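Heads up, there are several structures right after this.
Okay, so chain A shows up in both of these, paired with chain B first and chain C after.
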Partner chain A sequence: MNGKKTIAFLLITALVFLIICPLLSIFAEAVFQNGRFSLSSAIATITENENAKMIGSSLLLGILVVIVSSAIALPLAYIFSRTSLARYHFFDIIFMIPFMTPPYIASMGWILFMQKRGLMQQLFPDLAFISDWFFSLAGLVLVMSFHVFPFMMTMMKNAMLSVPSSLDEAGAVLGAPFRVRIRKLFMPLLTGNYAIGALLVFVKTISEYGTPSTLGRRIGFSVFTTDIHRYATVAPIEFGKSASLASVLVGICLMIWLLQNYITMRRTYSLVGGKGSAVRYRKLSRPALVAAIAFIAIVVFFSMLIPLFSVTISSLIKLRGYGMRSGNYTTANYIKVFTEDTQGINALLVSIFLAVSSATIAAMLGTIVVTISRNCGKKMKKTIEGIALLPEMLPSIVLVLGIMLFYNSIYKAIPIYGTIWIMVLSYVVLFLPYTVQYVTSSYSQISPSLVAAGRISGGSPSYVFLHITLPLISRGIMSGWMMTFIIAFRELVTPSLIAPTNTLTVSTYINRQFEQGSVGKGMAMAVICILFSTVSLLILNKAILREKR
Partner chain B sequence: MEIRLQNITKSFGSKKVIDNLTIDIPSGSFTTLLGPSGCGKTTLLRMITGLETPDSGRIMLGGKCVFSSDEGISIPPEKRGLGFVFQDFALWPHMKVKDNVAFGLKVQKKTDDLESKVRNALRAVQLEDYIDSYPSELSGGQQQRVSFARAIVTEPECILFDEPLSALDALLREEMRSELKALVSQRGITSVFVTHDQTEAMSMSDMIAVMSRGKIEQYASPEEIYSNPASEFAARFVGSSDWIDDNRMFRPENAKLERNSSDDESFTATVIGSEYLGSSYRILMQYGNEKWVIGSEKRIETGTAIPIYINRNSILRIDN
Partner chain C sequence: MKKTLIVLIMLLSVLSLSASDKGIVTVYMPSPAGLANKLAADFEAKTGIEVRTFQGTTGEILARLETEKANPVADVVILASWSDGLSMKNSGQLESYVPANADKMVPGWIDSDSTLFGYSASAVGVIYNTLIYPELSADWQELADSQYRNDIAIPDPELSGACKDFVAGYVNAFGWDTFEALADNGMIVPGANKAALEAVTTGEVGILIAGVDYNAYSSMADGEPLAIYYPASGTVVNPRPAMIMKTAPDMDNAKAFIDYLLSEDAQKMVTDAYLLPGRTDIEYSNRSTLAEIPQIECDWDAMMAISSDSAARINELCER
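Take a look at the complex of A and B:
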């Protein structure tokens, strides 16, 4: 075994310890009882009436969200790739807002807007009947679709942009009318991409914890993530049941990823690029233009304005009973967050500490992972990348549960369970894929001859890495750091499962205030959280643009 | 610096790319490795630099062994003291022109008069004014000049060129050819040049190694290869060739439309087309199963069968 192989081997061992062992602990917890292998209790859990119903409703929720988010995303993707409106690139940023707003905050916004004597009923008392309708599966599906549609929109937009207009023009020249061209030429080229997008939305939906834990709980709609959480935290605690459900969820996710892989290989076309493969924008007729703008406005209104408006207003209201009226507005809630007790300021500090430390560790580990995987054999590379990207494919609640079980069981050897360090570890595991992906793409933009040129000029491998490779991938590392920082700052799953007693983060603070009646304070923190994420994101974008040469 | 490659073998997976190859490149010469893509010429060049490791054989640079499979010697690229010019220029985008050029001097700790050495190298390629620019602010030709400057600044005894002109457009390529040749020959640098362009090879080289499938088909001066090709491959790859049968060929410029010597042999071929080139015509002809191309002052009617005369001494026998 040479040096490179040894290092790769050590890295794989570390990754197995961080990621694979927690997953295995879940399966072990599910199928071992008092040290004996037995599938019976796992099967019993799954077939238990209540749980079987929950599995059914999780899957139903996934399917409904796929349908609704497709209905929102597909027209938008077409508008922003093929029509004259595609020129307005600022929409790219606008449609990042719902995706960047933490789902638990958006759900709270919706609840405050729709509930009895909520903001909507104050503004339009006649629309009260909508409330009943909203607090049902339909509302849950809508809110989740409004969160996840930008993801599918971006995917489909890019897919549509890769279909050159000449393919469509060739059809037109041969006499095919618009409808036929869409149906026979455009859609078949995109079915593969759509299938992939739909599967990803499905996985994201059944893996999501934020919305079901707020809005879902309000309407009594249980899904995988909420039940895994409930069995693991609420007395009587039943880790076995929690682990059994987590195993089923992992199974479903892995199956969908395999299916998605299969479709990627079989049903996507490599569209030959080259000269003349440009996309030309269609000029819309006046009615079509009006319809398109109206559609965009409606989506923006529902997916962004309502939740953000609702959260902001609620943070500014003095007494909820009085509602929205002049004299009832105040900034006191913001001051109370910092002054009433130390909880708010502590939660902010804890979140900042977690975000900075986990972003730094994840950025370093991610860079090491990619660098080593590029310098060892093909098989090793596949193994390393496979493990390091696993956290992105699995629901975070499953990974966190695994980390909880695994580090609880080895507490004697590594006593971090119950401390803040297990949260750092969990964040690093959950967000490692960001850095891995950003750094990988930075690496792929470096021509191998840049490194070779450095070696021939007389630089040793380490000198070349420090002076050539590292500066060139630094933008990827920076992006990974920032992305991790932003997401970690408002992470909900880890702190609600394994935070040490009396340790609150921004997310659990908001949750607690919301549930215990200090809605104003909770929403003030939510606004701070959104502003913080947005400003960080803008800085990140600026930094990336500035460095682009 | 004399370069000696002895019994070099290299496979990628099950594919043999260099097959027991031996070549001596004399000190101070301009030698070209010429061959179609996939013939192993770039692999050979990368093995001289140490970027690629041969499976077996021995490489000597200026009398010093830098690789030997038998003795277990393999000196890394940074210890070989060579210059290299890449096909894609390989300029580091995050460094200014001067830092790109100074890099080699810095890592080799040759930092006396660093500034003036960098300036001199850039002056030699007429880019002194761009010393503070970034590579992305330069045109393709200028980027290539920077990469020459980077290669010569450390005063290596040998520079290796991996198709350095192929990324440039046709006009610039011709200009750079003479510039590049002048740069290295003034300094007496041993140059190994890889290309698939026979015009480039013929116009610049003292010696050409014609390569095919990991082997050297012929290693000689350009004139020798043209007038005395050692194999069918060398005959076809260097210059145009018209074939009388499997073993006999002539160069188009030796074909005449009139007999003017008793040593001329005559062949009757049918005209299948004439192309006007400005200064002359290119006549396409059919001779048996072979297609010939010859030059002519005038257009010839398609379909006519005419006699072609070739001096016996100009008909080359190629034994395969």
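Take a look at the complex of A and C:
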């Protein structure tokens, strides 16, 4: 028992070093001036006119995105949980696409589509008035909502699936019409879930860097993430300001998580009991069916087809000055990515290396974290899980800023700042929660009697772990690995803050080409990136399924 | 599992930049990326010294230097802004050195203390989309005319060193009237040089003022519908300073790299990238020559003093 405690204690120390210390260095940077504690400059930063305005617009953006993505997600959730259309499971995969497309690529697609004399105006010159409207807060809200809505849709769909049809039927039998049943029955049962979904969307929106850094910059709309990034990277560098803003952002996020916790405890109903709780699909009337299909088509069109079309076409245009015109198409951009210089191929190799190494390390570390936390006291378990899951609750730009400050300050002891290893480390920290969650859920499916049986039959603890537990949780580990691999491959925040000299990743390559090089080459790499993610997702999915059999 | 390990190790060995015996030199340089890569490759081939580059805009390079103050990495820094180079010299960051071929350089493109070496130069001009304006020759202040309303862009002077120096030079000589009028006329700031050029290439705007010329020449050579001219009241020709850092970890290699930049081969590459060569004895015919460009009288010290504030002012003026 004592040995276990020691191991758990060592693990906590390691996690504190990896995750808590960088966070603390942010707070330290914000409140220590020349070695002396002082809140004044942090407060001055926050109340500075420009920053106060920025904080206001960040929160406004978050609220607007919650509203718009609800308007998209709630009808879809209803359609795919309670109507006859719910049978078509391939929609589940289709609605993964906007979530799998990196937000910076999607917003570049939108910019190329909407800009003055851009793709839309070349196709439909009469729609030019939409462009002015798009390059404003409205466009930003729309693009971010189209990225984040699948998240809320999935949550609400699952919540709606857990409301048994018998309740609905009881309402109908007692004479309540459809509208009343929605209002009096469905809505009260789902408000808890909706509140959680809305808060998550809010946090995701104010933590997002990709869209604000591309489309937001275009329209001069600064938010937390872009300002934190600007203060930390553009001369004159002001880490203090950057850290102060990051601290505020951390505060907001933590408050929202607490609120969410509170709601989860107070306002969720246990609807899954022992009784039959089958969901019967509603057969839609003809007009309703047409309306539902039209709605799905519109969402698919805007959230997927426009950005993907725009990115693909832009990668194939030869001379940008002539736009979409027969004879002005070429595949040369794809060839140039690999042949014009070594940057393109290097960026791909670096991204693959980072994805493989961070996924592997995170999978191992995550498995260790979960395994140890299950075998030590309750208090320690809570501490370990709390720290390990922290990176998911916080905006990645905050953690990366912390890592940057922390490893810069201990450069003499651990000289990894400015090397590729600090990126590996940062990726591992950022994506550790994926493995932790997947492995935790596969652990929870293992009956304790299996392990007990192994021990009784004479297996040593390590033998039992290797031959019983590990095979059973391997799917969880693989899923965590896969998720990390795909997300890490296209990660933007870390490399744009702490990539060493000479090192571009796929994301910074695309960004750089889009902003300072050839848009054609940038978009060619974007297409390659999307294809690579999709194909690796399919391959890994297959591999996991085969293993399961 | 073994296979993954092997792949990992292979990837690692590709990535781990094994330094050659001749050592390394770390160079921070701005666009054009093609030129930077060619110079690095040729220098490596000639000397066996490995070149590590960081490529970014002038703003990004300055930021990087600031972050690395505690642990200096850069040996040679090249900027696209002479005034930013001067302010680095004034803060005592630069090493003095007399490179080979210094005598062949354009007068004034090497400073009196021999710390800034203008190995190449660019000028900014008016770049326009020929599909929208078949012909254009308006002077700077004439572009504030209402017929060009909402159709003019300028590169972000806080990101583009060349644009920054032009703004400082123009304001120093003529005051703010023209820029204020242009901003009132709906001028936009799409981003650094390339982003601004992209805006005029795709026709998002018809006219780009203070656009760097080498980018335009290179796009025109590709066949894009663009043209460039230098307005009659003059522009700023901006020597791009290469500098040796006092804190250079590889001082000898840094000096060798500066010598190389002023060699005939490197200067030829400079002209191939449509930049003006830093030496007077290099011939080129792919662009306007130095003598053909009308210039504003430049007081670099006065410009340096106002350049950063002026750049910020442009962004303020153009904010919608």
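Everything below uses one rule, namely that the second predicted complex is superposed on the first by the 539 of 549 C-alpha atoms of A that agree within 3 Å, B and C clash if a C-alpha of one lies under 4 Å from a C-alpha of the other, contacts with A are read in each partner's own complex, and residues count from 1 in each chain.
In this section, a residue touches a chain if its C-beta (ideal position, glycine included) is under 8 Å from a C-beta of that chain, and two chains touch if they have at least 3 such contacts.
All figures in this text were calculated on a predicted structure; none of them were measured in a lab.
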item: First, second, both or neither for A:G220, with chain B first and chain C second; value: second
item: Comparing the two partners chain B and chain C, which touches a greater set of residues in chain A; value: C
item: Partner chain(s) touched by A:V234 [first = chain B, second = chain C, both, neither]; value: second
item: Chain B versus chain C as contact partner of A:G323, first or second or both or neither; value: second
item: Touched partner set for A:G118, first chain B, second chain C, both or neither; value: second
item: First, second, both or neither for A:I468, with chain B first and chain C second; value: first
item: Contacts of A:S441 with chain B and chain C, given as first, second, both or neither; value: neither
item: Which of chain B and chain C A:G458 touches, first, second, both or neither; value: first
item: Which superposed partner A:T371 touches (first chain B, second chain C, both, neither); value: neither
item: Common ground on chain A, meaning residues reached by chain C in one complex and by chain B in the other; value: none
item: In the complex, chain A residues that touch chain C; value: 115-118, 217-220, 233-237, 319-323, 340-343, 349-350, 352-353, 356-357, 360, 408, 411, 417-418, 420, 501-502, 515-517, 519
item: In the complex, chain A residues that touch chain B; value: 447, 449-450, 452-461, 463-464, 467-468, 471-472, 549
item: Parts of chain B lying in touch with chain A, wherever the complex brings them together; value: 46, 49-51, 76-84, 86-88, 90-94, 103-104, 107-108, 134, 136, 150, 154
item: Sites on chain C touched by chain A in the complex; value: 4, 7-8, 11-12, 14-15, 17, 26, 28, 31, 33-34, 37, 52-54, 57, 59-60, 62-64, 66-68, 70-71, 73, 129, 131, 158, 190-195, 198, 201-205, 222-226, 319-320
